[in-house]
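A, B, C and D label the chains in the order they appear, each numbered from 1.
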Amino acid sequence: MITVLFFAGQQELIGEDKLKRNESQMKISDLKTKLMEEYPKLSLQNTMTAINEEYAEDDRIVEDNDIVAFIPPVSGG
Amino acid sequence: MITVLFFAGQQELIGEDKLKRNESQMKISDLKTKLMEEYPKLSLQNTMTAINEEYAEDDRIVEDNDIVAFIPPVSGG
Amino acid sequence: MEIYKITADEIDVNAVINSVIHPEAGAINTFIGTVREFTKGKQTVSLQYEAYPSMAEKQLKRIGHEISEKWPGVQSSIVHRIGKLAISDIAVVIAVASPHRAESYEASRYAIERIKQIVPIWKKEYWVNGQEWIGDQLEKTAYPNGKPEEDSK
Amino acid sequence: MEIYKITADEIDVNAVINSVIHPEAGAINTFIGTVREFTKGKQTVSLQYEAYPSMAEKQLKRIGHEISEKWPGVQSSIVHRIGKLAISDIAVVIAVASPHRAESYEASRYAIERIKQIVPIWKKEYWVNGQEWIGDQLEKTAYPNGKPEEDSK
(Lines give C-alpha, C1' and ligand atoms only; values in the text may rest on other atoms or scores of the structure.)
Protein backbone atom coordinates (compact mmCIF):
# COMPACT_ATOMS: atom_id res chain seq x y z
CA MET A 1 0.00 0.00 0.00
CA ILE A 2 1.30 3.46 -0.92
CA THR A 3 -0.01 6.96 -0.21
CA VAL A 4 -0.15 9.52 -3.00
CA LEU A 5 -0.38 13.25 -2.19
CA PHE A 6 -1.60 16.05 -4.46
CA PHE A 7 -1.24 19.78 -3.98
CA ALA A 8 -2.43 23.12 -5.28
CA GLY A 9 -3.96 23.05 -8.78
CA GLN A 10 -3.59 19.28 -9.15
CA GLN A 11 -5.41 18.72 -5.88
CA GLU A 12 -8.29 20.91 -7.06
CA LEU A 13 -8.32 19.17 -10.43
CA ILE A 14 -8.81 15.66 -9.08
CA GLY A 15 -10.78 16.76 -6.02
CA GLU A 16 -8.59 14.76 -3.64
CA ASP A 17 -5.56 15.60 -1.52
CA LYS A 18 -4.63 12.00 -0.86
CA LEU A 19 -5.09 8.58 -2.48
CA LYS A 20 -4.25 5.14 -1.14
CA ARG A 21 -3.20 2.59 -3.76
CA ASN A 22 -2.25 -1.05 -3.63
CA GLU A 23 0.87 -0.50 -5.72
CA SER A 24 4.52 -1.04 -4.99
CA GLN A 25 7.65 -2.06 -6.87
CA MET A 26 6.51 0.29 -9.61
CA LYS A 27 8.50 3.05 -11.28
CA ILE A 28 7.33 6.61 -10.60
CA SER A 29 6.88 7.11 -14.33
CA ASP A 30 4.53 4.09 -14.47
CA LEU A 31 2.57 5.32 -11.47
CA LYS A 32 2.20 8.69 -13.19
CA THR A 33 0.89 7.02 -16.35
CA LYS A 34 -1.60 4.97 -14.34
CA LEU A 35 -2.93 8.04 -12.51
CA MET A 36 -3.21 10.05 -15.70
CA GLU A 37 -5.33 7.25 -17.18
CA GLU A 38 -7.53 7.35 -14.08
CA TYR A 39 -7.79 11.19 -14.15
CA PRO A 40 -7.69 12.20 -17.81
CA LYS A 41 -7.45 15.94 -17.02
CA LEU A 42 -4.42 15.42 -14.80
CA SER A 43 -0.99 16.08 -16.30
CA LEU A 44 1.98 14.72 -14.37
CA GLN A 45 4.45 14.47 -17.24
CA ASN A 46 6.65 17.28 -15.99
CA THR A 47 5.63 17.25 -12.35
CA MET A 48 8.33 16.55 -9.83
CA THR A 49 7.89 13.75 -7.37
CA ALA A 50 8.99 13.37 -3.78
CA ILE A 51 9.19 10.01 -2.06
CA ASN A 52 9.05 10.27 1.71
CA GLU A 53 9.70 14.01 1.49
CA GLU A 54 12.78 13.84 -0.74
CA TYR A 55 12.78 14.62 -4.46
CA ALA A 56 13.09 11.49 -6.58
CA GLU A 57 13.73 10.84 -10.27
CA ASP A 58 11.05 9.31 -12.49
CA ASP A 59 12.85 5.96 -12.76
CA ARG A 60 12.89 5.46 -9.00
CA ILE A 61 10.93 2.42 -7.75
CA VAL A 62 8.09 3.07 -5.32
CA GLU A 63 8.23 0.69 -2.35
CA ASP A 64 5.49 -0.50 -0.05
CA ASN A 65 4.50 2.15 2.57
CA ASP A 66 6.12 4.96 0.60
CA ILE A 67 4.51 8.39 0.61
CA VAL A 68 4.59 9.68 -2.93
CA ALA A 69 3.97 13.40 -3.35
CA PHE A 70 3.50 15.14 -6.67
CA ILE A 71 5.06 18.58 -6.54
CA PRO A 72 3.78 20.94 -9.23
CA PRO A 73 5.96 23.98 -9.97
CA VAL A 74 6.46 25.77 -6.65
CA SER A 75 5.62 29.44 -6.14
CA GLY A 76 6.54 30.30 -2.57
CA GLY A 77 8.50 33.33 -1.44
CA MET B 1 33.47 85.58 11.63
CA ILE B 2 33.46 81.88 10.74
CA THR B 3 32.86 78.75 12.83
CA VAL B 4 35.19 75.78 12.45
CA LEU B 5 34.07 72.30 13.61
CA PHE B 6 36.27 69.32 14.44
CA PHE B 7 35.24 65.71 14.95
CA ALA B 8 36.49 62.36 16.17
CA GLY B 9 40.28 61.99 16.34
CA GLN B 10 40.95 65.56 15.22
CA GLN B 11 38.67 66.92 17.93
CA GLU B 12 40.57 64.92 20.56
CA LEU B 13 43.90 66.02 19.11
CA ILE B 14 43.27 69.75 19.40
CA GLY B 15 41.04 69.46 22.48
CA GLU B 16 38.27 71.59 20.94
CA ASP B 17 35.10 70.75 19.02
CA LYS B 18 34.59 74.28 17.74
CA LEU B 19 36.65 77.38 16.98
CA LYS B 20 35.52 80.89 16.05
CA ARG B 21 37.86 82.77 13.72
CA ASN B 22 37.82 86.21 12.25
CA GLU B 23 38.50 84.93 8.76
CA SER B 24 36.55 85.16 5.57
CA GLN B 25 37.24 85.43 1.85
CA MET B 26 39.91 82.79 2.37
CA LYS B 27 40.37 79.55 0.44
CA ILE B 28 39.76 76.37 2.41
CA SER B 29 43.33 75.27 1.61
CA ASP B 30 44.68 78.47 3.17
CA LEU B 31 42.47 78.04 6.24
CA LYS B 32 43.82 74.50 6.60
CA THR B 33 47.42 75.73 6.39
CA LYS B 34 46.73 78.39 9.01
CA LEU B 35 45.15 75.89 11.43
CA MET B 36 47.95 73.39 10.93
CA GLU B 37 50.45 76.12 11.88
CA GLU B 38 48.39 76.85 15.00
CA TYR B 39 48.11 73.12 15.92
CA PRO B 40 51.31 71.47 14.71
CA LYS B 41 50.03 67.94 15.45
CA LEU B 42 46.93 68.44 13.33
CA SER B 43 46.97 67.15 9.77
CA LEU B 44 44.24 68.43 7.45
CA GLN B 45 46.00 67.83 4.15
CA ASN B 46 43.69 65.06 3.05
CA THR B 47 40.71 65.86 5.26
CA MET B 48 37.48 66.67 3.50
CA THR B 49 35.73 69.89 4.27
CA ALA B 50 32.06 70.75 4.46
CA ILE B 51 30.79 74.30 4.25
CA ASN B 52 27.34 74.74 5.74
CA GLU B 53 26.84 70.96 5.74
CA GLU B 54 27.78 70.36 2.09
CA TYR B 55 31.12 68.94 0.94
CA ALA B 56 33.35 71.58 -0.63
CA GLU B 57 36.58 71.50 -2.62
CA ASP B 58 39.83 72.92 -1.21
CA ASP B 59 39.78 75.93 -3.54
CA ARG B 60 36.36 77.08 -2.37
CA ILE B 61 36.31 80.52 -0.70
CA VAL B 62 35.04 80.63 2.89
CA GLU B 63 32.52 83.46 3.36
CA ASP B 64 31.57 85.37 6.49
CA ASN B 65 29.21 83.37 8.78
CA ASP B 66 30.09 80.08 7.11
CA ILE B 67 30.26 76.95 9.21
CA VAL B 68 33.35 75.05 8.14
CA ALA B 69 33.50 71.40 9.24
CA PHE B 70 36.53 69.18 8.82
CA ILE B 71 35.43 65.65 8.04
CA PRO B 72 38.09 63.03 8.69
CA PRO B 73 37.59 59.65 6.97
CA VAL B 74 34.16 58.43 8.00
CA SER B 75 33.54 55.05 9.61
CA GLY B 76 29.80 54.70 10.15
CA GLY B 77 27.64 51.71 9.29
CA MET C 1 18.97 29.17 17.46
CA GLU C 2 18.17 28.92 13.77
CA ILE C 3 14.48 28.54 12.80
CA TYR C 4 13.11 26.82 9.66
CA LYS C 5 9.36 26.86 9.87
CA ILE C 6 6.07 26.82 7.99
CA THR C 7 3.33 28.54 9.98
CA ALA C 8 -0.31 29.54 9.62
CA ASP C 9 0.22 32.41 12.07
CA GLU C 10 1.45 35.95 11.57
CA ILE C 11 5.25 35.97 11.44
CA ASP C 12 7.05 37.79 14.24
CA VAL C 13 9.85 39.53 12.34
CA ASN C 14 11.79 40.36 15.49
CA ALA C 15 11.79 36.78 16.67
CA VAL C 16 13.28 35.70 13.34
CA ILE C 17 15.94 38.42 13.47
CA ASN C 18 16.81 37.68 17.10
CA SER C 19 17.24 33.99 16.30
CA VAL C 20 20.34 34.71 14.18
CA ILE C 21 22.05 37.42 16.24
CA HIS C 22 25.33 36.26 17.72
CA PRO C 23 28.47 38.02 19.02
CA GLU C 24 30.54 37.21 15.91
CA ALA C 25 27.87 38.74 13.64
CA GLY C 26 28.28 42.33 12.53
CA ALA C 27 25.69 42.24 9.77
CA ILE C 28 22.14 40.94 9.66
CA ASN C 29 20.27 40.95 6.40
CA THR C 30 16.54 40.42 6.49
CA PHE C 31 14.33 39.79 3.51
CA ILE C 32 10.59 40.17 3.97
CA GLY C 33 8.23 39.13 1.22
CA THR C 34 4.85 40.83 1.43
CA VAL C 35 1.65 40.61 -0.60
CA ARG C 36 1.84 43.20 -3.38
CA GLU C 37 -1.36 44.84 -4.54
CA PHE C 38 -0.41 45.38 -8.19
CA THR C 39 1.49 43.05 -10.50
CA LYS C 40 1.85 44.29 -14.04
CA GLY C 41 -1.21 46.48 -13.57
CA LYS C 42 -3.36 43.61 -12.31
CA GLN C 43 -4.90 44.18 -8.87
CA THR C 44 -4.53 41.42 -6.30
CA VAL C 45 -7.24 41.15 -3.63
CA SER C 46 -5.65 38.42 -1.55
CA LEU C 47 -3.32 35.45 -1.76
CA GLN C 48 -3.49 31.95 -0.49
CA TYR C 49 -0.38 29.92 0.23
CA GLU C 50 -0.44 26.17 0.56
CA ALA C 51 2.50 23.94 1.47
CA TYR C 52 3.55 20.37 1.96
CA PRO C 53 4.59 21.43 5.45
CA SER C 54 6.78 18.56 6.64
CA MET C 55 8.76 18.46 3.40
CA ALA C 56 8.85 22.25 3.12
CA GLU C 57 10.45 22.55 6.54
CA LYS C 58 13.04 19.94 5.57
CA GLN C 59 13.82 21.91 2.43
CA LEU C 60 14.14 25.17 4.39
CA LYS C 61 16.54 23.43 6.75
CA ARG C 62 18.44 22.18 3.74
CA ILE C 63 18.79 25.74 2.43
CA GLY C 64 20.15 26.77 5.83
CA HIS C 65 22.64 23.91 5.63
CA GLU C 66 23.70 24.93 2.11
CA ILE C 67 24.24 28.49 3.36
CA SER C 68 26.43 27.42 6.25
CA GLU C 69 28.48 25.31 3.83
CA LYS C 70 28.87 28.07 1.26
CA TRP C 71 29.46 30.83 3.81
CA PRO C 72 31.01 29.34 6.96
CA GLY C 73 30.00 31.15 10.13
CA VAL C 74 26.81 32.50 8.59
CA GLN C 75 23.60 31.78 10.47
CA SER C 76 20.15 31.84 8.92
CA SER C 77 16.47 31.46 9.76
CA ILE C 78 13.55 31.17 7.36
CA VAL C 79 9.85 31.29 8.21
CA HIS C 80 7.13 31.02 5.56
CA ARG C 81 3.48 31.65 6.25
CA ILE C 82 0.62 29.68 4.68
CA GLY C 83 -3.13 30.30 4.48
CA LYS C 84 -5.00 33.35 3.28
CA LEU C 85 -3.07 36.66 3.24
CA ALA C 86 -4.18 40.23 2.58
CA ILE C 87 -2.32 43.09 0.88
CA SER C 88 0.92 43.99 2.74
CA ASP C 89 0.75 40.86 4.92
CA ILE C 90 4.11 39.17 5.40
CA ALA C 91 4.48 35.86 3.58
CA VAL C 92 8.14 35.05 4.21
CA VAL C 93 10.95 36.27 6.44
CA ILE C 94 14.60 35.36 5.90
CA ALA C 95 17.23 36.52 8.37
CA VAL C 96 20.93 35.97 7.80
CA ALA C 97 23.70 36.99 10.19
CA SER C 98 27.36 37.10 9.22
CA PRO C 99 30.59 38.69 10.39
CA HIS C 100 30.78 40.93 7.29
CA ARG C 101 28.05 42.57 5.26
CA ALA C 102 28.79 41.14 1.82
CA GLU C 103 27.94 37.55 2.82
CA SER C 104 24.77 38.61 4.60
CA TYR C 105 23.41 40.01 1.33
CA GLU C 106 24.65 37.10 -0.76
CA ALA C 107 23.32 34.41 1.55
CA SER C 108 19.96 36.13 1.95
CA ARG C 109 19.57 36.44 -1.80
CA TYR C 110 20.59 32.82 -2.19
CA ALA C 111 17.92 31.76 0.30
CA ILE C 112 15.04 33.48 -1.48
CA GLU C 113 16.11 32.11 -4.86
CA ARG C 114 16.35 28.60 -3.45
CA ILE C 115 12.93 28.90 -1.82
CA LYS C 116 11.50 29.64 -5.24
CA GLN C 117 13.23 26.52 -6.63
CA ILE C 118 12.97 23.70 -4.15
CA VAL C 119 10.48 24.39 -1.35
CA PRO C 120 7.02 22.85 -1.87
CA ILE C 121 4.91 25.97 -1.34
CA TRP C 122 2.27 27.20 -3.77
CA LYS C 123 0.60 30.54 -4.15
CA LYS C 124 -2.93 31.11 -5.39
CA GLU C 125 -3.74 34.62 -6.43
CA TYR C 126 -7.20 36.15 -6.10
CA TRP C 127 -8.07 39.10 -8.31
CA VAL C 128 -11.31 41.04 -8.51
CA ASN C 129 -12.51 38.78 -11.29
CA GLY C 130 -10.66 35.50 -10.94
CA GLN C 131 -8.12 33.31 -9.25
CA GLU C 132 -5.14 31.24 -10.31
CA TRP C 133 -2.46 29.02 -8.89
CA ILE C 134 0.86 30.64 -9.68
CA GLY C 135 3.83 28.62 -10.88
CA ASP C 136 2.71 27.18 -14.16
CA GLN C 137 0.50 24.55 -12.55
CA LEU C 138 -0.85 23.58 -15.94
CA GLU C 139 2.60 22.63 -17.14
CA LYS C 140 2.64 24.82 -20.19
CA THR C 141 6.37 24.91 -19.67
CA ALA C 142 8.43 22.25 -17.99
CA TYR C 143 11.40 22.58 -15.73
CA PRO C 144 14.30 22.33 -18.14
CA ASN C 145 15.62 19.26 -16.35
CA GLY C 146 12.31 17.87 -15.19
CA LYS C 147 13.06 19.04 -11.68
CA PRO C 148 14.47 22.11 -9.99
CA GLU C 149 18.17 22.58 -10.30
CA GLU C 150 20.03 21.48 -7.23
CA ASP C 151 23.37 23.10 -6.86
CA SER C 152 25.84 22.56 -4.06
CA LYS C 153 24.76 19.03 -3.22
CA MET D 1 6.86 57.84 5.42
CA GLU D 2 10.60 57.51 4.86
CA ILE D 3 12.91 58.17 7.84
CA TYR D 4 16.51 59.47 7.71
CA LYS D 5 17.70 59.93 11.25
CA ILE D 6 20.66 60.04 13.60
CA THR D 7 19.63 59.03 17.12
CA ALA D 8 21.19 58.45 20.52
CA ASP D 9 18.40 56.02 21.41
CA GLU D 10 17.97 52.31 20.72
CA ILE D 11 16.69 51.80 17.18
CA ASP D 12 13.21 50.30 16.83
CA VAL D 13 13.73 47.92 13.90
CA ASN D 14 9.99 47.42 13.35
CA ALA D 15 9.33 51.13 13.10
CA VAL D 16 11.99 51.42 10.40
CA ILE D 17 10.55 48.46 8.48
CA ASN D 18 6.99 49.72 8.80
CA SER D 19 7.99 53.13 7.47
CA VAL D 20 8.74 51.68 4.02
CA ILE D 21 5.87 49.19 3.65
CA HIS D 22 3.44 50.19 0.91
CA PRO D 23 0.88 48.32 -1.21
CA GLU D 24 3.07 48.33 -4.34
CA ALA D 25 5.94 46.74 -2.40
CA GLY D 26 6.40 43.00 -2.52
CA ALA D 27 9.91 42.91 -1.12
CA ILE D 28 11.48 44.57 1.89
CA ASN D 29 15.18 44.21 2.48
CA THR D 30 16.53 45.20 5.86
CA PHE D 31 20.17 45.57 6.75
CA ILE D 32 21.08 45.72 10.43
CA GLY D 33 24.62 46.55 11.45
CA THR D 34 25.48 45.33 14.94
CA VAL D 35 28.55 45.58 17.13
CA ARG D 36 30.72 42.55 16.45
CA GLU D 37 32.79 41.12 19.29
CA PHE D 38 35.73 39.84 17.26
CA THR D 39 37.43 41.48 14.30
CA LYS D 40 40.42 39.58 12.96
CA GLY D 41 40.81 37.90 16.33
CA LYS D 42 40.83 41.21 18.23
CA GLN D 43 38.16 41.45 20.93
CA THR D 44 36.01 44.56 21.01
CA VAL D 45 34.59 45.61 24.38
CA SER D 46 32.39 48.45 23.14
CA LEU D 47 32.09 51.04 20.41
CA GLN D 48 31.39 54.71 20.39
CA TYR D 49 29.82 56.43 17.41
CA GLU D 50 30.00 60.16 16.91
CA ALA D 51 28.34 62.13 14.12
CA TYR D 52 27.93 65.58 12.71
CA PRO D 53 24.20 65.02 13.13
CA SER D 54 22.63 67.78 11.03
CA MET D 55 24.89 67.08 8.06
CA ALA D 56 24.68 63.30 8.56
CA GLU D 57 20.88 63.41 8.32
CA LYS D 58 21.13 65.47 5.13
CA GLN D 59 23.50 62.89 3.69
CA LEU D 60 21.19 60.02 4.65
CA LYS D 61 18.32 61.85 2.93
CA ARG D 62 20.54 62.31 -0.07
CA ILE D 63 21.20 58.55 -0.22
CA GLY D 64 17.44 57.99 -0.12
CA HIS D 65 17.06 60.42 -2.99
CA GLU D 66 19.77 58.69 -5.00
CA ILE D 67 18.00 55.36 -4.43
CA SER D 68 14.65 56.64 -5.64
CA GLU D 69 16.36 58.04 -8.76
CA LYS D 70 18.27 54.83 -9.51
CA TRP D 71 15.37 52.51 -8.67
CA PRO D 72 12.08 54.33 -9.28
CA GLY D 73 9.31 53.27 -6.92
CA VAL D 74 11.75 52.06 -4.28
CA GLN D 75 11.28 53.50 -0.79
CA SER D 76 13.99 53.58 1.86
CA SER D 77 14.62 54.54 5.48
CA ILE D 78 17.95 54.76 7.27
CA VAL D 79 18.52 55.24 11.01
CA HIS D 80 21.99 55.36 12.55
CA ARG D 81 22.64 55.32 16.26
CA ILE D 82 25.38 57.31 17.99
CA GLY D 83 26.89 57.14 21.49
CA LYS D 84 28.32 54.17 23.33
CA LEU D 85 27.24 50.70 22.13
CA ALA D 86 27.83 47.23 23.55
CA ILE D 87 28.36 43.90 21.75
CA SER D 88 25.33 42.95 19.58
CA ASP D 89 23.78 46.43 19.93
CA ILE D 90 22.29 47.74 16.70
CA ALA D 91 24.23 50.62 15.15
CA VAL D 92 22.39 51.07 11.87
CA VAL D 93 19.15 49.93 10.26
CA ILE D 94 18.41 50.28 6.56
CA ALA D 95 15.00 49.26 5.20
CA VAL D 96 14.22 49.25 1.48
CA ALA D 97 10.87 48.34 -0.07
CA SER D 98 10.42 47.62 -3.75
CA PRO D 99 7.96 45.88 -6.04
CA HIS D 100 10.46 43.12 -6.88
CA ARG D 101 13.14 41.50 -4.80
CA ALA D 102 16.22 42.21 -6.92
CA GLU D 103 16.04 45.97 -6.42
CA SER D 104 15.45 45.63 -2.70
CA TYR D 105 18.79 43.85 -2.33
CA GLU D 106 20.62 46.18 -4.71
CA ALA D 107 19.29 49.38 -3.17
CA SER D 108 19.96 48.18 0.37
CA ARG D 109 23.52 47.25 -0.51
CA TYR D 110 23.94 50.60 -2.23
CA ALA D 111 22.75 52.40 0.91
CA ILE D 112 25.25 50.74 3.25
CA GLU D 113 28.14 51.35 0.85
CA ARG D 114 27.18 55.03 0.49
CA ILE D 115 26.90 55.42 4.27
CA LYS D 116 30.50 54.29 4.53
CA GLN D 117 31.52 56.85 1.90
CA ILE D 118 29.68 60.10 2.50
CA VAL D 119 27.93 60.22 5.89
CA PRO D 120 29.86 62.06 8.61
CA ILE D 121 29.79 59.38 11.31
CA TRP D 122 32.83 58.05 13.10
CA LYS D 123 33.42 54.93 15.10
CA LYS D 124 35.80 54.59 18.03
CA GLU D 125 36.63 51.08 19.03
CA TYR D 126 37.44 50.07 22.60
CA TRP D 127 39.44 46.90 23.17
CA VAL D 128 40.61 45.36 26.42
CA ASN D 129 43.89 47.23 26.15
CA GLY D 130 43.26 50.25 23.99
CA GLN D 131 41.02 52.39 21.85
CA GLU D 132 41.16 53.85 18.37
CA TRP D 133 39.11 55.95 16.01
CA ILE D 134 38.43 53.82 12.94
CA GLY D 135 38.69 55.22 9.45
CA ASP D 136 42.30 56.18 9.11
CA GLN D 137 41.94 59.30 11.22
CA LEU D 138 45.68 59.80 11.16
CA GLU D 139 45.63 60.09 7.39
CA LYS D 140 48.21 57.45 6.69
CA THR D 141 46.34 56.97 3.45
CA ALA D 142 44.34 59.57 1.64
CA TYR D 143 41.10 59.27 -0.26
CA PRO D 144 42.30 58.70 -3.81
CA ASN D 145 40.56 61.87 -4.97
CA GLY D 146 40.91 63.84 -1.77
CA LYS D 147 37.24 63.27 -1.03
CA PRO D 148 34.76 60.42 -1.15
CA GLU D 149 33.64 59.41 -4.57
CA GLU D 150 30.23 60.83 -5.43
CA ASP D 151 28.47 58.90 -8.11
CA SER D 152 25.02 59.65 -9.50
CA LYS D 153 25.07 63.41 -8.86
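By our rule, a residue touches a chain if its C-beta (ideal position, glycine included) is under 8 Å from a C-beta of that chain, and two chains touch if they have at least 3 such contacts.
A quick note: this is a predicted structure, and the numbers were derived from the prediction, not measured.
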Can you tell me the least number of steps between subunit B and subunit D, where a step is a move to a chain it touches?
1
With chain centres set to the mean of the C-alpha atoms, which chain is at the far end from subunit C?
B
Centre-to-centre distance between subunit C and subunit A (centres being mean Cα positions), rounded to whole Å:
24
Once you find the CA centre of subunit A and the CA centre of subunit D, what distance in Å lies between them?
49
So subunit C residues touching two or more other chains come to 33, 101, 112
Within subunit B, the set of residues that touch 2 or more other chains is 77
Strictly by the criterion at the top, what is the full list of touching chain pairs?
A-C, B-D, C-D
Can you list the subunit C residues touching subunit A in their complex?
33, 49-52, 54-56, 58, 80, 91-92, 112, 115-124, 133-139, 142-143, 146-148, 150
If we count contacts the way the header does, which residues on subunit A are in touch with subunit C in the complex?
5, 7-10, 12, 43, 45-48, 50, 53-55, 57-58, 69, 71-77
Which part of subunit C faces subunit D closely enough to touch in the complex?
13-14, 17, 21-39, 87-88, 99, 101, 104-105, 108-109, 112
